[in-house]
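Next up: the structures, one after another.
Two complexes follow with chain A in common, the first pairing it with chain B and the second with chain C.
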Partner chain A sequence: MIPKLNYVAPLSLKRTLKILSENKKKAKILAGGTDILPGFHINSKRFRDIELLVDIKKIGELKLIKEFKDRVEIGACVTFSQICESDTFKKFFPLLVKSAETVGSVQIRNRATVVGNCVNNAPCADSVPPLLVYDAKIEIQSLKRKRVISLQKFLIKPYSTALKKNEVVTKIIIPKPDPDFKGDFYKLGRRRAVAISRISLALLLKKKAGIIDELRIASGAVTPIGARLHELEKFAKDKKADSSTFKELSILMGKKVLQITGLRWSSEYKLPVLQQVFYQLLEKVNEEE
Partner chain B sequence: MKKNKILKKIKLRFTLNGEPVELETLPNKRLLDLLRDDLNLTGTKEGCSIGECGACTVIVNDKAVNSCLMLAGEINGSAIITIEGISQNGNLHPLQENFLKFGAVQCGFCIPGMILSAYALLNKNRRPDEETIKEAIAGNLCRCTGYKQIIEAIKNTKL
Partner chain C sequence: MKEKFNVIGKPVIRQDGKAKVTGQAKFADDYKFPNTLFGVMVRTKSTHAIIKNIDYSEIENDKNIVTIIDASDIKGAKKTGLIRKDQPVFAFDKIVTPGDVVAMLVGVDVDELRILAKKVKIELEELPSLTDPEKSLDPDSPLIHPEFNTNLVVHHPLRKGDIEKGFNESDYIIEQTYTTPHIEHAYIEPECVTAIPLEGDKGIYIIGSIQNPFTVRRIVAEVLNFPLNKVRVEQAELGGSFGGKDDIMCILSARASIAALKTKRPVKIKYTREESILESYKRHPYRMHYKVGYTKEGKIKAMKIDILADAGAYCSMTPYVTWRSVVQATGPYEIENVWTDVRAVYTNNPYTGAMRGFGSPQIVFAQESLMDDIAVSLGLTPDEIRRINGYRYGSITASGQRLENHDVNLMKVLDTACEATNFREKWLENEKHHNRRIPTIEFKDEIINKNLILSDREFVEPEDTWKKGIGLAISFRGSSLGAEGIDAAAAYLSIQSDGSAYLLCGLAENGQGMKTAYSIIVSEILGIPVENIYYLELTTAHIPDSGPTVASRSTVMGGGAVKNASEILRKRFEDFLRSQWQLTEDDLIVFENNKIYVKGKEKFSLSFSEFTALAYKKGICLASIGWYPGPKIHWDEKVGQGKAYFTYVYGAQVAEVRVNIVTGEVYIDKITAVHDPGKVINLLGALGQVYGGVTQGAGYAIFEELSKQNGFPQELNFDQYLIPTSKDVGEIVPIFIEGKDEFGPWGAKSLGEPTLELTSAAINNAIRNAVGERYFNLPVNLEEVILKRKLRPGDIQRGSL
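Let's look at the complex of A and B:
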């Protein structure tokens, strides 16, 4: 059941911002709708107070993927299907494409947006770990100002972000990575499609003569929200890119996640799986030429 | 206070199965309910209501979507195709013919959605391999057939 609410689809960003500033408490932005509509159905308290849905999909500029010399921008209404089909993303951000391909089903990917995935900030948000290792930034607009913050700072806690009621996320900005980075994305769900991630990992590795110059690691689902694991990244720096370093890193990974989440009923089987898949992912990325 | 809230009707213009439609409806109506209740197109089914089963699949601007996850307002200006709209001059669509021929229909509840997912796929890719077919119907659950006959029916459809 959809609660009693009104619907508007403004044609410009300015109009959207005006509507939001006038209806601060009760308005909610609608992009893909694939989180909000199921939320209504289960009467989720996150969406119970909405009185006005502001559909931003009629705003042309928000539907675009834009490539620049040093970066790529994802507009607020860009869908996962658009990412899956984008040659630019296949070339520069293969981890994001791989994660996009694992989201829901064709039907979901045709509607769900990458920005929506970040704004919803579910622990299992599939696009978040890749975006984190690519150092993505979020552009936020209100009537009075525009601000850009890192995705990491944007994500505060499960289902909560730095976005204010009178603001719209207009785009995600991702710097093109150094081509020496190799990486991969891993997702474990209960089945292959329409599955919520139980473990997701994104890795980027840059080596110099067999030594780890930079390793970027982000996790999803096993941490309360998608997060970079900076301690592990620091530990890896300047170590030999070999099995013994990777084993140490995997042990550390287990310790770190346990430290973050505390001991849970699922820890006993989840942690060894996490350590093993992390280790295999490191080995796989390291073997890539 | 919320109970007394006034809902502002929304005006919609779109094409439905090739025909232009203009109507007014409630702002909190899902596309699924607009099709079934307002337009009497009950070939589109409601299963899980949360985008997992695909029984409510329709085509919006050439793309398969879950009509349970869309509000009616979102289709303004779009082209919608439902299962009622894919037959040609009173003849079943080749996909429908093949679903019958290959025994791909048992209880039939998932079939409208299944056929529309296949329809969107074949309009983009005339000769999909088995993996591509599986990927295209991954969002459509069938608890009767085990999918084998469905995949065969799609694979053998030439548009």
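Let's look at the complex of A and C:
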């Protein structure tokens, strides 16, 4: 059930920040609501003590996708449906579009926001691995100051981020990647829609004459939170882009994830499958011309 | 028999469709009554315990409590049940399963009542719980209902021929064990009911999401100690049932009625999804052991079947569900020597009862998987083994019934399905590609880390990842109730003086499209346009008890009654016109397109409304009650022999899938569903049955399973209990073969359940054809495909913590 709480929908960012600074302990920001409402329903302790919901959907500037010469910005209220339909994203960030298309259902994508996906920081957040390989940054604002940190630093542990109670994430800033990068996003769910990720992977590959110049890898659902795998990325640098390297990388991935998570109930299935699908993803991206 | 039809078999848009898609249809919770109170359930955290004391002292004076209802408020039967009286309306002596309710708090504010429900102090003496049906009959297992002295709910034996002789005459013997899980009906509308006390000692009026209003009436009358005519039950528009809104709605209606009579105010109960899944009954899990003996030519000589069904905490429909299993367990194959035992036992698990398919999806999964293994062992194709053994006209079933007096279309549906899909060629081609098997990881008692890290040669190349498979399953199915019970239905048809009409049958519209099918039948006989027929709301006070709406019987039985009602009027109208127009017996009176005329004598012609105005003026009765009793059947319970059902339907489904041998994903590309439902009444309705049944069957095959921990269902909402979405099932191609039958309206029989029962077996056979591995345990989900077993988290975490 929805607890008894107050609801405000300020029309400006400034007003929002003021409300938040005055209600530090009890307020929670509401964007799409696709995590909060089911959370209320199961009486989740994360949302149990909310006394004030601050709806930011009425703030026009937060609903925009803005393209600049070197970067694109996603406002805090931009929905997954907006990403799916955006030509800018299809052109520069196809991995994010592909991940957005796998989120929930049409109805969920129409409400759920990309920023909300990051702020919620579920292990299975679909947009996080692509944003990580694109080196996304988060802009955070409070009444007194504005700060920009990398998404990687923003995500701390499952369901926990660097966002403070008096702050709002205003946008995600993504630099346009080097056009030489090829990449792909992979998601394994139990069904083909409205499915929570069991494994998600994002990777970007840049080759020079058959040699790996740069490989960026991020995982979701297999690690406690979405994360870049820098150790693997370093390992790949300057190696030949071929099956043998990809197999080595995949085995390394298996070992790394096992090291991070230890044995879990699902490891017996997930760990071998992770190595296989990662290998296949590497092969697939490598084949792309 | 009439061969050319004006309306029958054409695509007719369902009469309730527009109201439903525009949000105007009123479902149970849309009914609001002044001064309504709400009921909230009090449960324990126990699976099996003796109730020592219930203490309300902490809450009884709370301002939010209007009254508290428990077993002490019941004037009539404290325990009910459709077959065996073992289920309490409110638990008073024992807790036997986690869904059990000990009391109901009644008040205005549901949220407050839910908080108070946790403050009722229930003193329990915990008992050892019994959740493994395999242990139910052990002498040292606890008795769930000690009054019956055993946990055995029912045992159906079937004995035909000489089983030992049959095995001796066989060249080969295969033995396999198959299992199926608890399945949730997953109706989109959770349970909801309102009971309203009628002033002036008129009894109680109940409206709700009720599958079987007459069953609810019977149970509520027993509990209240009321005569049947003081319990009026109305069905609201129903948001799905699939067999699932029967027992549970009887119990909820009884609880609401007790509270309504006590408070003299309307009382509504509305379940959350979690409560619905926790307390409502499920499809029976089966453990099925099959031993089959056959010759090297492929002729099956003997089949020995041992089936154990988990009835859970209450009997519900278990004896009937398992009875259908015993009749159909061999599949549609003529086998001389059969020895079958089907047993159902009590456990502390959620109770199990009726669900679309009713004891057939389990056995079809097992026995049709087995048929393919026989074929493969002999180098035959799946269709060949079925042709060697399948029923034909005059075949004798396992229960000794000769199949006659109807088109035994098994071979026709099989051939049609094979031709439509190019089955044999595809199947043989796929069989060639098993060289790369699934890289199954051997399970050890302790997982050794290095087993989980692949070696170089274990990697699968992208082009080897997806394997195509095609699979077949066929079945026969008894129409309607068979030897389960009395089988008859009534219909009321009342033509108005302006030519419009009211129609009502004693069976219930549970979403299957029955109202439209019945209107079509009236339209065919009297020539009234379907849209001029108003189908009345079903209330138990207005129509004779026609038994439950189950067993795919609404078209065959209710349709028979509607046809009878229409024919009574047609005869009366013709007699009247013959005297009015002074016609001879040879003159043919035609009723069509809203007109009545004499063939060849066009001067004798009236619009239907002109006729009804005339007949009304002349004092002709324009209403009738039709009745359709089922033909006689008989059954010898000791040996499982007899005429089990008065007629049968036949079906064949072919599944085409792709299996990812790396992840275990199964993509269902296409299901071709060939069914002989007898005569199709509404083509759109029939197609809808196939689309829905196949999709539900696909969920049974690869997704659905309600797991339990100490009897507690673990997947309490649809974020965890996964049913197929529209993206998970590819193309569905329905094909109808219309066999002739003397029963039902123009030979129309059953379709709703056959569509579901075949799909899991067809998919399982397609998976085997794709990867060369046989799976024995439903669902064939990701882990099952890769590991051949299920993985379950100790503590399932919701998607959002």
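As a working rule, the second predicted complex is superposed on the first by the 289 of 289 C-alpha atoms of A that agree within 3 Å, B and C clash if a C-alpha of one lies under 4 Å from a C-alpha of the other, contacts with A are read in each partner's own complex, and residues count from 1 in each chain.
To be clear about the criterion, a contact is a pair of C-beta atoms (placed from the backbone, for glycine too) under 8 Å apart; a residue touches a chain by one contact, two chains touch by 3 or more.
Just so it is clear, the model here is predicted, and its values are computed rather than measured.
K.L.:
Does the superposition put A:I225 against chain B (first), chain C (second), both, or neither?
P.N.:
Neither: A:I225 stays clear of chain B and chain C.
K.L.:
Between chain B and chain C, whom does A:D55 touch in the aligned arrangement: first, second, both, or neither?
P.N.:
It touches chain B, and chain C stays clear.
K.L.:
If we overlay the two complexes on their shared chain A, which of chain B and chain C does A:R111 touch? Say first, second, both or neither.
P.N.:
Only chain B; A:R111 stays clear of chain C.
K.L.:
Pick one for A:A9: touches chain B only (first), chain C only (second), both, or neither.
P.N.:
A:A9 sits against chain B, while chain C stays out of touch.
K.L.:
Between chain B (first) and chain C (second), which, if any, makes contact with A:P158: first, second, both or neither?
P.N.:
Touch status of A:P158: second partner only.
K.L.:
May I ask you to decide whether A:V273 touches chain B, chain C, both, or neither, giving the answer as first, second, both or neither?
P.N.:
Touch status of A:V273: second partner only.
K.L.:
More chain A residues touched by chain B or by chain C?
P.N.:
In the superposed model, C touches more residues of chain A.
K.L.:
A:A31 in the overlay: touching chain B, chain C, both, or neither? Say first, second, both or neither.
P.N.:
In the superposed model, A:A31 contacts neither chain B nor chain C.
K.L.:
Which partner does A:V194 contact after superposing on A: first (chain B), second (chain C), both, neither?
P.N.:
both
K.L.:
What is the contact status of A:I173 with respect to chain B (first) and chain C (second): first, second, both, or neither?
P.N.:
neither
K.L.:
Just to be sure I follow: which residues of chain A are touched by chain B in one complex and then by chain C in the other one?
P.N.:
Common to the two interfaces on chain A: residues 38, 42, 105, 192-194.
K.L.:
In their complex, what parts of chain B are in touch with chain A?
P.N.:
Residues 2-3, 5, 7-8, 10, 27-30, 49-52, 54, 57, 63-66, 68-71, 73-74, 76, 117, 120-121, 135-136, 138-140 of chain B touch chain A in their complex.
K.L.:
For chain A, which residues count as touching chain B in their complex?
P.N.:
2-7, 9, 30, 33-34, 37-38, 41-42, 51, 53, 55, 57, 81, 104-108, 110-111, 192-194
K.L.:
Going by the contact rule set out above, which residues of chain A touch chain C in the complex?
P.N.:
1, 35, 38-39, 42, 44, 46, 105, 120, 122, 124, 158-159, 188, 190-196, 198, 243-244, 247, 250-251, 254-255, 258, 263, 265-269, 271-273, 275-277, 279-280, 283-284
K.L.:
Under the stated contact criterion, what part of chain C meets chain A in this complex?
P.N.:
Listed in rising order, the residues of chain C that touch chain A are 111, 114, 439, 441, 443, 447, 449, 452-454, 456, 458-462, 465, 662-665, 667, 703, 719, 722, 724-728, 781-783, 786-787, 791-794, 798-801.
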